[in-house]
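What follows is a group of structures, each given as structure tokens.
Here come two complexes built around chain A, the first alongside chain B, the second alongside chain C.
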Partner chain A sequence: MAAVMELPSTREESWRWGDPAAIAAAAGLPRGEAPAGAWFLELEGARAVFVDGVLDEGRSDLRHVAIAPLEGGTHVLGARTTGHGWSLRVEAHASAELIQIVHIATGGENHVPAEIVLADGAQASVVETYVGTGWSNRSTRMTLGAGAKLARAVRLLQTAGFVSVRDEADVGAEASLIVTMLGAGDAGTRIDGAITVSGDDAFAEYGGALLARRDQRQECALSVRHAALNGQSKQIWRAVAADTSTASLAARVEVARDAQKTDGVQSLRGLLLKRTATVNLKPELEIFADDVKCAHGATVGELDQRALFYMQSRGIPHAKAQALLTRAFVGDAFAQIADETVRDAFVADADAWLEAAL
Partner chain B sequence: MLKIENLHAEIDGKEILKGLSLEVNAGEVHAIMGPNGAGKSTLGYVLGGRPGYEVTSGSVTFDGVDLLELEAHERAAAGVFLGFQYPVEIPGVSNVQFLREALNAQRATRDEKALSGGEFLKLARGQADLLGMDYDMLKRPVNVGFSGGEKKRNEMVQMGIVNPKFAILDETDSGLDIDALRVVGDGINRIMRAPDKAVLLITHYQRLLDYVEPDFVHVLADGRIVRSGGKELAQQLESEGYVGIAA
Partner chain C sequence: MMATRNAEAYAAANKTYEWGFSSDIEQEFAPKGLSEDTVRFISAKKGEPQWMLDWRLKAFALWQTMEAPDWSKLNVPPIDYQDAYYYAEPKAKPKLGSLDEVDPEILRVYEKLGIPIGEQKMLAGVVEDPLNEDGTPKRRVAVDAVFDSVSVATTFRKELEAAGVIFRSISEAIKEYPDLVRKWLGKVVPQRDNYFATLNSAVFSDGTFVYIPEGVRCPMELSTYFRINAENTGQFERTLIVADKGSYVSYLEGCTAPMRDENQLHAAVVELVVLDDAEIKYSTVQNWYPGDENGVGGIYNFVTKRALCQGKNSKVSWTQVETGSAITWKYPSCVLAGDGSVGEFYSVAVTNNRQQADTGTKMIHLGKNTRSTIVSKGISAGRSDNTYRGLVRVAPTAEGVRNFTQCDSLLLGDQCGAHTVPYIEVRNPSAQIEHEATTSKISEDQLFYAMSRGLDAEAAVALIVNGFAREVLQQLPMEFAVEAQKLLGISLEGSVG
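After this line comes the complex of A and B, so read on.
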């Protein structure tokens, strides 16, 4: 198949650290066997398995999740997902059971759109896990009504290929959105997030950790826009790069003129496990309101040599000491995950990555 | 137990230890005193295996084993403990987690069974109690926000937990208040005063030596041991200073 794929160019500012060539290469990987593994966490609730973008009904228990035709939006990658995807709609003041979605890719490319629509006061919690190889492309549109609460945790664990995730969210008055991402596989990664805090007194947190090794490239381009009064947002990101890998974070906070009393926290921190690795950080603040509190910090460093020796002098081998320090570094990005089982899974994924990378 | 012969060591190309020899037998406590910058901490780091310190000649054997051939963590497992002059803060890693990893890593290196969580906590609680350290401090990140004296006390709690054969204690007395000095002195005696153990006590002051009586006192100046004697040498240094003695 020689279809010309239209992909973003690295000449575009938001793709300056991007790796469109890796997307094309991932899409060209031949389809093969699905990897075996127990990808669901031991938690009650609805379950969906997508294999190469197609629902595997036998392994799914959809309950209140529906499969429906959905629009992928206008984003350059998100737009490609237009078609059948999964939809979660929760009525006012209802609480949905936990939803777990496992995306298994065996090669080639697959595109799935999703929507999560929470009416006023509704609550939901979603855990997504990506495994396998090939190009997995997703768009997820999240709409939170007044006082709604959504917790979403995404584990990017593909062993090869590329995962691109486009998230769009609209957070209503007094609503709370908490999204946590973990890139701990060996696939290329592109996370695009556009969050709008559109109701007063709302809270939006979008953060996570990218753990890159070998010649892998992982990146996130995120923007959180405050368009209402008294909003709070947090972007806590940790990027770890080993070997000759590159991890990049471009995160933006935008405060519109009317969004007075906004409280935005942005913390981007990078850790280089080798001098040959690269971490790019691009924090951006664009503030048009005058009564605003925005704390932000961006730093890249290496592991503290004194701490490493201190630990070794107490009997901890070098690699283990590196792992403990790196785990502590990454841990801040998972603190917002309320469900202990989910948080433990993130820590275990990070530990497995550390075990392999160090 | 420890035999250092004609040790030369440098850091960043600068020679700091310039032919240091010292022998410590089981059951002995040796005090090392000496002017600032003489190389006392450097000796501790070289014995502990800190990266960046290059031994250019000489030898160090510990229980007949070439200590310099071992990696830092293997030295710990062999029974060497280094109490730091400036204990390091480790944000995000709790004392309990750190010490349990440390103890079990040492045990693994020695082919011993790991302690369970319960066994470890009992041990850690006991040692913290003996050194008058609040148990809650064990749950805090390693040394983060600890006062100078609390850090030193924590070093001793760690020593109590790993129970080494040989301890190099680098100015463990500095930063301690009068009561803490006695508690720490008692701790050193309790943990390390045994016929099969030995201590190298680096200090500037006689005070600690009132609690932990040394069998030998050495003066380290300009990278060498320039004078050795009994505990009376420490008293003489206290009253006369290094001028004259170290020359």
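After this line comes the complex of A and C, so read on.
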């Protein structure tokens, strides 16, 4: 019954570890009841609830968030989101209240575009949560003026289906962008990020954790492009794969010809909890400027047996020791979340996942 | 300041390629172009048995259905496969093994190349005292020299035979040891492996075959010297080395070509098979003509090299110094199938002017407790692009795998590019995979210090670059290490002013 969808093929380099078939399968899930639960964090600010891609006005308190027609861009999945979506525009040197957005999917497919435009010196923080089932497809375009600051945290907690997130960002001079992702649901996940550091002395951090279990496939394909002087970027990712799942991270730092004095850091680490699981890493550097500092580290392995042994020798049961060590492993990826409540929520989500998976 | 730097770079580049001469040797060519007839011609010329011709034809049929790969970070102009000769042979073909009959012109070519072996004497048949003056044995290297499409000389044959080592051009081996060749040819790099390997399978003209019998430590280093001389000619050599149980061999490979304005294709295949407890050390100094400073001419070096560590505790070590070629597309790989087998890859790749290199390795871990080490040093200068591309894959069955990868890039100048594309695919939790990469330039402090000790800028850069590449260079056999150090310096002359 589902119409044939034009999806990318795994023959394409950026979809090498991808799972386009899972997207089609998720889109074919029948619509059902919205899951119940308190998805908002106990924080003051604007709130928006989207059910299957449509704003639920009764449960939303938009304040300065607007609903507007938006373009989805040219990305293969992002382009499908063209239509009505949410828009946050913050004037120069103003600070927006925290914005929380909950995306509830009940089945089928839904597509929502979004934009965050911060004028010079503006500040904002956004927390997004995805729950439910079906294919949720999003594109978010972030534009940061000079000295602007944006902190965005995204929790991918759908219990089934597929979530695809396309992020595009343009970071102006001395601006700071911090995006943190957590994939801790049971849905397939695809995060596509294209971040451009276009102003001098700017900072961009895009990282997070993908926790995969059962036959899940979670992946992130990210590129951070430095196009200006003195830029700094960080990509700190942790991937944990249990059961027969696959977690894949393909992260790239690009340094353009004129982007001298760039400092790019990549840390990709994978942890395999079962012998049937797979972790794929691709820490990529593409460098055209000579006076730069770009380093990356990538490791894959299991938990440190000596640390496990030590903890057991101090009376901690094996499962508990495993959970503690895994928690510490994942925790690195959340360190940049400034808001304590948000960070605690991420840690709690990860803990809940660990409890179920271990 | 940049302008002067470039001017100097160009000036220096003009004088750098000292192997760019071509020799006027009478050649016999196959008709230009590529068709089934070309394949039949080559096979007939070599007097090959029917099975070999069938094997080639099968590859050619496959090749016609394939497309050239485009996933690398290379800008490869379209290649007209019909506008080249696939077979060129020096007309005064020597009777192989009888060195006296080698065309003196060819000998002069090798003389100019300075083949690092005292083979001038060897080739001339002079018997030397096997000991140095202090009574220690001299280091000796047996050489197989491949000139365009045919092997012209293989030295030390008798001595190797006494040890049971078979060291032959592959054409001879097909005639003399058909069973051995047939057993292993295409086992590591099958005919359908990839576009260039398949082309090679159809039209390979010569190359080297080595068999080291069980328990034998090859008494000397083996070496092949490849030279493309004729115009419009592709070189397609095929190397097959089989190390039987408990054996060891160290194999060296060097290559050069004349300076010509058109591009020439070099599509080689190297297959290594290593059985229980055996070891092959394979070293390459690749110095094909890189083209001029504007990127005109130069060799397209599209090479498939792969080792199958089939036996338990077998080991393969690839060491490569890549300074030449307009475009390099090369990924010497190890399939670590035997339990406890070890793969190593040490590489220095230098690109200058308009050169492009996309090179690296694959380590496929299939056996238990297999280990691999990758050390890659990329040096880019001029307007060149230098990419490390590597894959480390751990199969679910491979318990206790260890891998360590280090990729360092050095950029000289602000018009070049350095890229790192490592793939890590792990399907067994007991694996320990570590990957590190850095990108840097030569620090002003280092330069200043070296120059304050009396070195000029160029010598200082050469010194620092050699230090940067030291971990790899020290893996090379002595004969090559000296040559490689010199080459690094020459390749980068003028890139920093």
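Definition applied: the second predicted complex is superposed on the first by the 356 of 358 C-alpha atoms of A that agree within 3 Å, B and C clash if a C-alpha of one lies under 4 Å from a C-alpha of the other, contacts with A are read in each partner's own complex, and residues count from 1 in each chain.
As a working rule, a contact is a pair of C-beta atoms (placed from the backbone, for glycine too) under 8 Å apart; a residue touches a chain by one contact, two chains touch by 3 or more.
In this text the structure is predicted, and so the values were computed from the model without any measurement.
Aligning the two structures on chain A places chain B and chain C side by side, free of any clash.
The partner of chain A that touches more of its residues, comparing chain B with chain C, is C. In the superposition on chain A, contact of A:287 is made with chain C only, not with chain B.
Of the two partner chains, chain C is the only one touched by A:273; chain B is not.
When both complexes are overlaid on chain A, the residue A:120 reaches neither chain B nor chain C. Using C-alpha centres, the superposed arrangement gives chain A a vertex angle toward chain B and chain C of 80 degrees, stated as a multiple of 10.
In the superposition on chain A, A:200 makes contact with neither chain B nor chain C. Contacts of A:263 after superposition: neither chain B nor chain C is touched. Of the two partner chains, chain C is the only one that A:302 touches; chain B does not reach it.
Taken over all C-alpha pairs, chain B and chain C come no nearer than 14 Å in the superposed arrangement.
Chain A residues in contact with chain B (one complex) as well as with chain C (other complex) do not exist. Interface residues of chain C facing chain A in the complex, by the touch rule stated above, are 71, 73, 394, 396, 409, 411-441. Here chain B touches chain A in the complex through residues 48-51, 71-73, 75-77, 81-82, 84, 87-93, 97-99, 101-103, 105-106, 109, 158, 162, going by the rule given at the top.
Interface residues of chain A facing chain C in the complex, by the touch rule stated above, are 13, 257, 260, 270, 272-302.
Touching chain B in their complex are the following residues of chain A: 304-307, 309-318, 320, 324-325, 327-329, 331-332.
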